[in-house]
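Chains: A, B and C, in written order; residue numbering restarts at 1 for each.
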Amino acid sequence: MKCENKDVVIVGGGPAGLAAAVKLHQLGVRDILVVEREKQPGGILRQCIHDGFGLTRFGETLSGPEYAQRFLSQAQQLGIEIVPDTTVLQVSGDRLVTTASRDGLAQYKAGAVVLAMGCRERTRGALAIPGERPTGVFTAGVAQAYMNLYNTMVGKRVVILGSGDIGLIMARRMTLEGAQVLGVYEIQPYANGLPRNIEQCLNDYHIPLHLSHTVTEIHGNARLTGVTVSAVDERCRPIPGTEERIDCDTLILSVGLLPENELSLDAGVLLDPRTRGAVVDQYMQTSVPGIFAAGNVLHVHDVVDFVSLEAEHLAEGVARYLAEGGLPRCESCVRAGAGVGHVLPHTVSGAEDVTLSLRVRTPMKNCVLEVRQDGRTVKKMKMRKALPAEMIQVPLKAEDLQEGADLEVSVQC
Amino acid sequence: MEPQFDVLVIGGGVVGCAIARELTRTRWKVGLLEKNLDVAYEASGRNSAVLHGGFAYDPGTLKAKLCVEGNAEFDQVAEELDVPFKRTGKVLVGNTPEDMASLRRTLETGRINGARNLEIIDKERLHQLVPSVVGEFALWSPTSGIMDPFLYTVALAENAVQNGARFFFDAEVTAIRREDGIYHLTTKQGEFTSRWVINSAGLGCGKISDMLGIHGYSIRGSKGDYIILDKRVGPLLPMPVYPVPSNTHMGIHVTPTVDGNVTVGPNAEYVDDFDYYGVPATSIESLAESANTLWPCIRREDYIRNYSGILSKWVDADGTIHDFTIEMRPEAPNAVNLIGIESPGLTAALPIARYVINLIRQKADLPENPDFNPRRKGIVRFAEQSDEVKAQLIAQDPNYGELVCRCEKVTRAELLQAIHNPLGVHTMVAVKYRTRCMMGRCQGGYCQMRMAQMIEEELGLQPTDVLYNRPGSHPFTGRVREQ
Amino acid sequence: MLRTYTCIICPNGCEITAKLENGEICDIEGALCPRGKEYVTQELTDPRRNIATSVLLEGGQLPLVSVRLSGPIPKDRIFDVMNAIRPLRLKAPVHVGQVALPNVLGLGVDVLVTKEVAVL
């Protein structure tokens, strides 16, 4: 078996992996290998053909493929080695990366490993929607891939369960291609997708959004023939008597994304049960020294621009780790306080600037975000609104922080 | 007239396939008619996947005798047919003095039936065997095991085909008549003729029996629901864990699969619709609640799928469940009628097949097929090999280096073999069950598009021709842009 | 009259309340940046959207190539433009920015390729 040394092996050539590679190169790290399982790098952006990407990172609005191409072109210009059609079989705790491709198995002994595998969709099985198992039930991303990459139409009369962004995007996409989208049903009393997607994907096409509703049964034993939807109470339990049968041939599920951390677990990386991504310090280093993670494999992002920025920040940590043989210790924990679902990074040094990324638990208006350390307010921000759908970024200055004491972030009305 | 076949088997479940396979040991021309698009679509592929020890059936019954026989020979069978099998043993866990009394009775029944090495074990021993279980003592059956019922049925079918049998799918038998000593069977695929007919139709056995002129069987479907758990919990369960059995039901149990998942189930409920496999929410909750008292490791985030199966039982009006009935009757000469083949039909499939053939021998000469080859090779699974073997596989066939399914690490080479399977079955589920592609935690999120594309390319199909599992199960409605 | 809008210009998705008199905006509230007012003004007079879809590709590594418009078009012309794009065919290779159809329906915007696709 081929075995080579590499300064950095990046697992995944999607937006996180490519941004990390380019930034690492710019920081002087040259011996980089990006392992990509597809023929073409770009990850999920290859199928996200709608526009709206890049406003933060590039100051203009691009489609997904164009956004990915920006980084890919840069990587190619810089001569960064990207091996396509290659799957990582294993990453070990001592950073031995085993890959498989048509050329055979290969192993790379890496100075640092960057985990950038992205996420997968929550499926029907994980939701345990009762009923039969007809065809015509697709997760939104799968439907998107069939339509945008494989030239395959998945249905004509469509119900969407869940108001995640991909589901909203697919409501519009399928409408444009002649399907009839009957409605979007969301179990929570608020939408999970971004407000602008509610506006331009649903409202523009008069597709109704039914909050506090869910699909309670699936009908048909060959192809889907319909679904039963029901209203739910404040604890998300279906309310008897509210059942309504809808005839449809397609059910699209947009009910959440899960970081794809099987390789991370093999490597011994500790995961956060809330994000289901790695526990990281402010340099994006996981619990295993020399293994880093960024992007949707770490926590699910709302906007790809933040994936790129996070990966670029990771690259700085990796470059420093390689140059200095280690990173400053991060011993202050960052905790999610009142109103906060999760917050990253999990630990900070207290001696350097850091940006926290967080999501709130429920929608709030006119609220106050507060970061406290040792009983002292480090930062206070007023916000007109805070939505679970949106990731909130909070930059903290080193001079406001102290070493050794934990931080807590809260968002309250 | 000369009939097309010497014998036609109706039903491509594990028993029908075992009968077809055993019949290819003779020179008879063997055919099998299956109403679904693949073998093992009903009860054979939808159960607990356990090789039973034979202690749960009344002494003297066919269930007891054939189960014990099937259990004893299964190492050799699995080896010949190249199918996964683990003799894990299993425990029936009890807590109360009543449980103990019940387990002692079960043990005694098992001894009479010939089930080997049964013993009652104490709490300490139980926890050595299964540390995560909750219970005071158990009946330990070291000869019980786990297998892949789908692959086992496929292997029997493929071995039958390899030895000359012909299989026909989407061929539900809708009428049978006998003229001049020859049976004529009407199906969607046309009429089939044969000297002998074997009714191995599972849930349809009552209907076929009526068509043969043998009346009076009341066949009921007993539906059981299951939850499948993520492989993450697999290491916590080294063997099937059952509660103390009641008179009619084995009880809700947890079972490791040969692939490392865990199944939870089944409940049992008589149903009239033999075609409905939906799993109600209440079922899912009660299964988890019940099994958690036995094995408290069942968490919602580990659910990856649920499924159900329907057992075919011959039940009297007073609720009595009959033994396996395997008969030749004067109303239907040259026919073997199998009624009420339920659990332990999977374990007993080959002994049942031999029993059927011995019945036929009473009336007909069955010359031996000198060319019969009992061995069949399955698809070599990349994920299960060492790095050295993986490298060799890729060197021999680069398609082994192209991973299509990331969760189960299934390669293009395996998919190609499954798409061009010896039975000529071409549904997505056929490829899925033969390879495990789409069966991992992402449930096809990454791989199903690739699988569909390969099926289209390899078999020259349009998207609208692709079927998922049964007739009418089109996943796709067309192209986005016509070519 | 008060009307509320969800601004679609950036992911912030500001909820904007506009006070209207005789179809004119006299006051605006809720926009985090000046683009909010531009958006509301546009929505009031001539709502426009960009659209993205796919074009059949011959001889490429993918069967389709993604496209979008070089600029927004009137909202009520979206399906007309879809109908104009649907019959298009391109031959691989195609490049980002390549014009698949200039000045679609005379609306002054081009249909642009958004993906690099090599020859099969």
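As a working rule, a residue touches a chain if its C-beta (ideal position, glycine included) is under 8 Å from a C-beta of that chain, and two chains touch if they have at least 3 such contacts.
Please read all numbers here as calculations on a predicted model, not as lab measurements.
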item: Taking each chain's C-alpha mean as its centre, the one farthest from chain A; value: B
item: Chain occupying the most central position, where position means C-alpha average; value: A
item: Chain pair with the higher count of C-beta pairs in contact (A-B, B-C); value: A-B
item: Mean-CA-position distance for chain C and chain A (Å); value: 25
item: Chain centre separation in whole Å, for chain C relative to chain B (CA means); value: 54
item: Centre distance in Å when chain A and chain B are each reduced to the mean of their C-alpha atoms; value: 39
item: Residues of chain C whose C-beta touches two or more other chains; value: 54, 56, 63-64
item: Junction residues of chain A, two or more chains touched; value: 147-151, 177
item: Of all residues in chain B, the ones touching two or more other chains; value: 480-481, 483
item: Residue ranges of chain A in contact with chain C within the complex; value: 39-40, 46, 49-52, 55-56, 61-63, 65-66, 69, 147-151, 173, 176-177, 194-196, 198-200, 203-204, 302-303, 384-385, 390
item: Contact footprint of chain B on chain A as seen in their complex; value: 1, 37, 85, 87, 89, 98, 100-105, 120-121, 123-126, 128, 130-136, 139, 141-142, 145-156, 177, 216-218, 221-223, 249, 260, 262
item: Parts of chain B lying in touch with chain C, wherever the complex brings them together; value: 480-483
item: Partner chain B, residues of chain C touching it in the complex; value: 54-56, 63-64, 86
item: Contacting residues of chain B [partner chain A, same complex]; value: 227-228, 275-281, 283-284, 300-301, 303-307, 387, 390-391, 394-395, 398-399, 401-403, 406-407, 409, 441-446, 448-449, 452-453, 463, 468-481, 483
